[in-house]
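So the structure is just underneath, and the comments pick up after that.
As written, the chain order gives the labels A, B, C, D, E and F, with residue 1 at the start of each chain.
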Amino acid sequence: MTTRQVFEQDLIDLHTEIIRMGALVETAIANAVTALETMDPELAAATSRADDAIDDMEKSIEHFSLEIIALQQPVARDLRAVASALKLVTDLERIADHASDISEKIIVLCSMKRIVLPHQVVTMANLAKQMVRGSLDSYVSRDAVRAAEVARSDDRVDELYERIKNELVHLMSVDPENIAAHVELLLICKYFERIADHATNVAEWVVFLVNGDHRNLN
Amino acid sequence: MRRRIRPQITDRIATATLYLVAGAFVLLLVAFVGYFLYSGRSELNFKFLFTEPAFSTAGGGIGPELFNSIYLVFLSGLISVPIGIAAGIYFAEYAKPGRLTDFLRLSIETLSSLPSIVVGLFGFLVFVILTGWKFTLMGGALAVTILNLPVIARTSEDAIRSVPESIKEGSLALGATRWQTIVRVLLPSALPGIVTGIIIASGRAFGEAATLLYTAGMSSPRLDFTNWNPISATSPLNPFRPAETLAVYIWKINSEGLVPDARQIADGASAVLILAVLAFNLLARFLSRLLGRRFGGSRS
Amino acid sequence: MANPPSRKVLGRINLYYWKHENLGRGLVTGFGIFLAGLTLLMAGFLAVKGLSTFLVDHVSPLEFLFSTKWSPDADVPAFGALIFIVGSILISTLALLISTPFSISTAMFVAEISPNLGRKVLQPAIEIFVGIPSVVYGWIGLSVLVPFIRRSFGGLGFSLLAGSLVLALMIFPTITSLAADAFRALPTDFREASYALGATRWQTVRKVLLPAAMPGILTGVVLGLARAFGEALAVQMVIGNMIRIPGKLTDATVNLTSIITMDMGNTATGTPWNDVLWSMALLLLMISFLFILLARTTGQKRRSLK
Amino acid sequence: MDKVDACGCADPVVETDRVIVRTEKLNLHYGKLQALKDIGVELPANRINALIGPSGCGKSTFLKTLNRMNDLILDCRIDGRVYIDDVDIYGDIDVVDLRRRVGMVFQKPNPFPMSIYDNVAYGPRTHGTKSKTVLDEIVECSLRRTALWDEVKDRLRASALGISGGQQQRLCIARTIAVDPEIILMDEPTSALDPQSTLKIEDLMTELKKSYTIVIVTHNMQQAARVSDNTAFFLIGEVVEYGPTSRIFNQPTEKRTEDYISGRFS
Amino acid sequence: MTTRQVFEQDLIDLHTEIIRMGALVETAIANAVTALETMDPELAAATSRADDAIDDMEKSIEHFSLEIIALQQPVARDLRAVASALKLVTDLERIADHASDISEKIIVLCSMKRIVLPHQVVTMANLAKQMVRGSLDSYVSRDAVRAAEVARSDDRVDELYERIKNELVHLMSVDPENIAAHVELLLICKYFERIADHATNVAEWVVFLVNGDHRNLN
Amino acid sequence: MDKVDACGCADPVVETDRVIVRTEKLNLHYGKLQALKDIGVELPANRINALIGPSGCGKSTFLKTLNRMNDLILDCRIDGRVYIDDVDIYGDIDVVDLRRRVGMVFQKPNPFPMSIYDNVAYGPRTHGTKSKTVLDEIVECSLRRTALWDEVKDRLRASALGISGGQQQRLCIARTIAVDPEIILMDEPTSALDPQSTLKIEDLMTELKKSYTIVIVTHNMQQAARVSDNTAFFLIGEVVEYGPTSRIFNQPTEKRTEDYISGRFS
């Protein structure tokens, strides 16, 4: 393999690793959503456990990126590829973290008296999930337009979150018995809101990777 | 590890052989020089060096011949050095590269390796017959100049050319003209080479005989070493008189064989010539090293 | 762009430039052209003189080149110069054959086997040899070699062999120093590379250096040959000057330069005899021109290899 | 630095972004080969302008058009205009003076085989300066500016060939400075040097750009990245892209530039 | 200035910029804590507004880091300095973001009926604030030991957060009228908890910068 | 790649991390100057081992001790041990054979002034191979392995001096390979080449390490970083640090190493 090819291969490997990590993250969040919909404590527990692997991947990708910078000294597009990798893994890891947090809360919820899940919660969860998938897709296809679209969805999530919060506050006051459960549910929603934020960040890095231009997209 | 014998043994044999050849060569030189110094030892004295040759009796010296040789070298150097260097500069720097220049350079090279007898004949026709000077020291000097000009021009050109192009560019890039570049940078750098060339040419002139047979002649008038008037016929400084040089004298006494001690004279004169060659060599070495140190250092 | 004050410009002539460029340039160009003119003049002169044998005296060039009959003072003079030409060729070739192997060996020694001894001992020795005047070589041939040959092989001693040996000695330093230069001009890289491949010194010299130096060595050989061809006095002193084609090495013979040297003084200008001598001189000029051309082409090959 | 001031060199006023070199439709042919095609660039004063590009793309050729060193080449034909300070240098000007104003430093250090002092004094002497005091001053000042003074002040009369390669190259720069040029052209000035000497030369360039405009050809991408303010990318006789170095190395607009600087060039 | 010095200066500038940004972030969080303690809607509003400047700084530091990598091609310690800068600005920006979010919630709280602030909330807020300051201090002095200490505090914050959450749930059920306010307070605490997390991340990058070894510190 | 196999070169088995070169307390003096001090390193087989360090630190000297090219230098004294494949090469061994086993490629491409074919065949011929068929095979195989075959197969009889510098350097590598060495020493093999040719040589090295152990001296930090598996940092005759390249460039343990690779060396 030629030196140049070694470098190309490194870049490809880096890309692949991120996609692998992205897939794990996507699964984690999908599982969290499912666990929430079905109130499945086992799925939730499994999801929570999967987080360690993702943490390890973050570290290893970071390390790999730095090694590429140190040994291959990339510039221009190559440098952007490595830099965006270095940055977006943090967001991915964060998303997985939040998915794991959500799962833990689901386990707590399952141990409480069953409450009704406001349908908007599921909508919001799915929206966040789609944003993660969308941002990852845009990364795979290096598609800045798609990435910008994803970022725009974040406003919808924020809006939904505000509405759900109000509804949950209302529910707490009418149903004081289930306050604890509703608080957990609120926090779960907060996590989804954060996940959408991180997905937006990922999308921003994709735009940077493609255009070399890093701006807040929402 | 497998041992291989053959190449190593061949290597030893070859090395030994080469040592033998080189040793033989050095021995030959030692024998050569030793022989002359030995057989000419009896003649290496003031009387021999400074008295007149005898015409048909033994005991003559080589005084005038020695003087003539030196004077001839001086005269021809006076003409050939400036012209030779100038021509060298022209060919190294100004001649437009092309067929014509190539042809001229080829001609000059031919001139420099022309059999000296041919140059002598040319000199005979021009400086003896055409000018009507008869055999003169000047004619000889001019003929020797023809022989030496190409040598000096050639060595000067080579020496100037061997100055790295980058140095020339450096000077031009500072806004020096071509001529300034030549005078201030190229010539000083090329000086050791040029000086070596001049000395080699002088050595050649000193030992030259064939060219002089028909130009400077094979006889000398009786010289009066107290007369320093250059236009007087008996003055040693008069260039327009016949002048037999040392090398010609050696040849002559062998061809004519009139003096009884011809052999001894020839031995002595040869010893003098060889010593002169040694001196020229040492001088060339010394000067070029001196100049080299002045301008050199180690060129990296 | 204003000129600095030191640059006086008068009309269209820039004095600065005139002083620092055109003056010097004109001077050296003049001398360069003078030298070139001198060469052409000589060639022209020799050509006029040498060709008059054929144009004025109507000697056939074929007779001149290919006849052995030389009787310039007979009633019906014959001007066949073949004997002299053959003599020159024989003597030079022989000299070359004797000295080339020794020259190359010495050059190898100087450049490859012991550069130290080479620089300190052999190089100066070679230079002294180059500088020794030809009459001295002639004299040593006469006083040492000729008696030696006479004692060892009989005959007169004056002989083809004596001439060749003297010439061999004379051209030996020329060839050696050019060959040594050729070896030294080779980059050290070649040696390192060869040793690094596991070759011995002799293998390196034989297989890499000698072939690489060959063009330079050939240049040396050709120039040596040129010198041998044109040498007059030293040869004339020992060759015997018998006008005949030698049957064996110890026979006396004659060559172009000897006959010119000897006869030029005895003939009157304008006589056919004298003219023929000039023709021989012209022949020498042409031959040396040829040798130079040859040396150049081999030398060029060397340059293109670098 | 204070020493530099002490030697009497006026502290230069840095003017910025004044265009000092401007070419218009510059075409250059070597015989039939077109070595430069329609070059039109504007190089700002007091900046380091780097020329990069693969071997044979015409960088050196372009450099040499700026001080007319190409005049020395027989079959070299130039069309178009080159303005230096708004004067067309291929018009009716004094070449010798042009070369004084546009100095040049070569790839291999090429000091003259004379003393260190004489090397630096060579230019001023050539241009008519005779006074010993003035020369002494120029020599000291130039050597100080190239940070060479302390290293050689005790052996100004020693041969310039006896100092190290890196010092020689700085000497060549000092020699160029001594004739007080406006522009200094450098053709791969460090490619024959070791990394330490290279660094010193790079430092020197950054220092010199306060007073001079520098145009440098380099094969070393990092060198261009590290020291230059602007970079021009040449390809087969054309300028593909020209702009601020940080942009060229971060976000080249041309794919060919990107390929070249990231080593993808085949 | 020599080439080498340009690079050194770049590194120093980078360091200084991060310290400047850190100071702004520290001020933001300190103001948020004060606004919380004093329920001062004006201070809160000012804090929230300050966030834009910090966002800009993040972008400019990121850009600067990438420029240094592209032009100076650092290795070893230098590379670590640049890489950690590139990474930790994100955490700093996040902390400022959260401080701004907290401020907005304080404004909301001020518009509601006044509730009693459980004293543990203030403790936790101050702890988070100290962690941010500590991580920044360790960055300034490149002190890996101090950084590790900071990271260890995170456990205390998490613990406090759990306790506060339980207390607030309890308060909601005993005081249904103020559920909305308590929910806001809960979210404020959640933000402080996140801030502590980010401070931990910063500390981790400091350890990496010093030792070249990037590990989870808690 | 498939072509390489087609020419009959056995696909090499890559053994890993077998130590092939080992030095013990290696000291080397040039006259009074100590050029190497107590060097003790172990170089693994089938790896690219880079030697870096400032000029004059002894890299080339160390390299030359491995094939005893220092034997050619008069006043060079060596103490200590150098084992290659556990044989002490300063013991009772055949130097000529050692040099066959430990090939060397120099800074400047130095092909012999003969045909391309003869250049490659030189080594085998020197070592006694006479058969034309065998030689043909060796030449083709060596040229293929250096990716030169397609470029020169139509002019094997042409002079090796007529090809480009980069091709010449690959030819020199082919020539070295032709004698089937185990170790290839390279002393700044690309410093005389343009960037494109440099890249080709680097590629070649990566390819060759499958079959050979490579020890390379380089001044180019990036080159060491890009191609080598292990890096040794030399300083004034000592090995300061030796280890995997990625560690040396990411986390050197010695401050001096760090200073050097990050260009802080004064």
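Keep in mind that, in the parts below, a residue touches a chain if its C-beta (ideal position, glycine included) is under 8 Å from a C-beta of that chain, and two chains touch if they have at least 3 such contacts.
Predicted model only: the values in this text are computed from it and were never measured.
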Graph distance between chain C and chain E, where chains that touch are linked: 2
Touch-network distance, chain C to chain F, counted in steps: 1
Homomeric contact chain D-chain F: same or different residue positions, threshold half: same
Interface with the most contact pairs, given as the two chains involved: B-C
Mean-CA-position distance for chain C and chain B (Å): 15
Distance from chain D to chain B - Cα centre to Cα centre, in angstrom: 47
CA centroid of chain B to CA centroid of chain E, Å: 93
Distance between the centres, which are taken as Cα means, of chain F and chain D, whole angstrom: 36
Touching two or more other chains - residues of chain B: 7-8, 177, 180
For chain A, residues contacting two or more additional chains: 4, 7, 66, 70, 73, 75-76, 79
Residue numbers of chain C (touch at least two other chains): 17, 199-200, 203
Footprint of chain C on chain F - complex, ascending: 67, 69, 72, 96-100, 103-104, 106, 108, 110-114, 122-123, 125-127, 159, 161, 172, 175-176, 179
For the chain A and chain D complex, residues of the former touching the latter: 4, 7, 73-79, 212-213
Chain B-touching residues of chain C, taken from the complex the two chains share: 17, 20-21, 23-25, 27-36, 38-40, 42-43, 45-46, 49, 102, 105-106, 108-110, 113-114, 117-118, 121-122, 124-125, 127-129, 131-136, 138-140, 142-144, 199-203, 205-206, 223, 226-227, 229-233, 237, 257, 260-261, 264-265, 269, 277-278, 281, 284-285, 288-289, 291-293, 296
Touch list for chain D against partner chain A, complex: 221-222, 225, 249-252, 258, 261-264
Touching residues on chain A, where the partner in the complex is chain F: 1-7, 66-67, 70-73
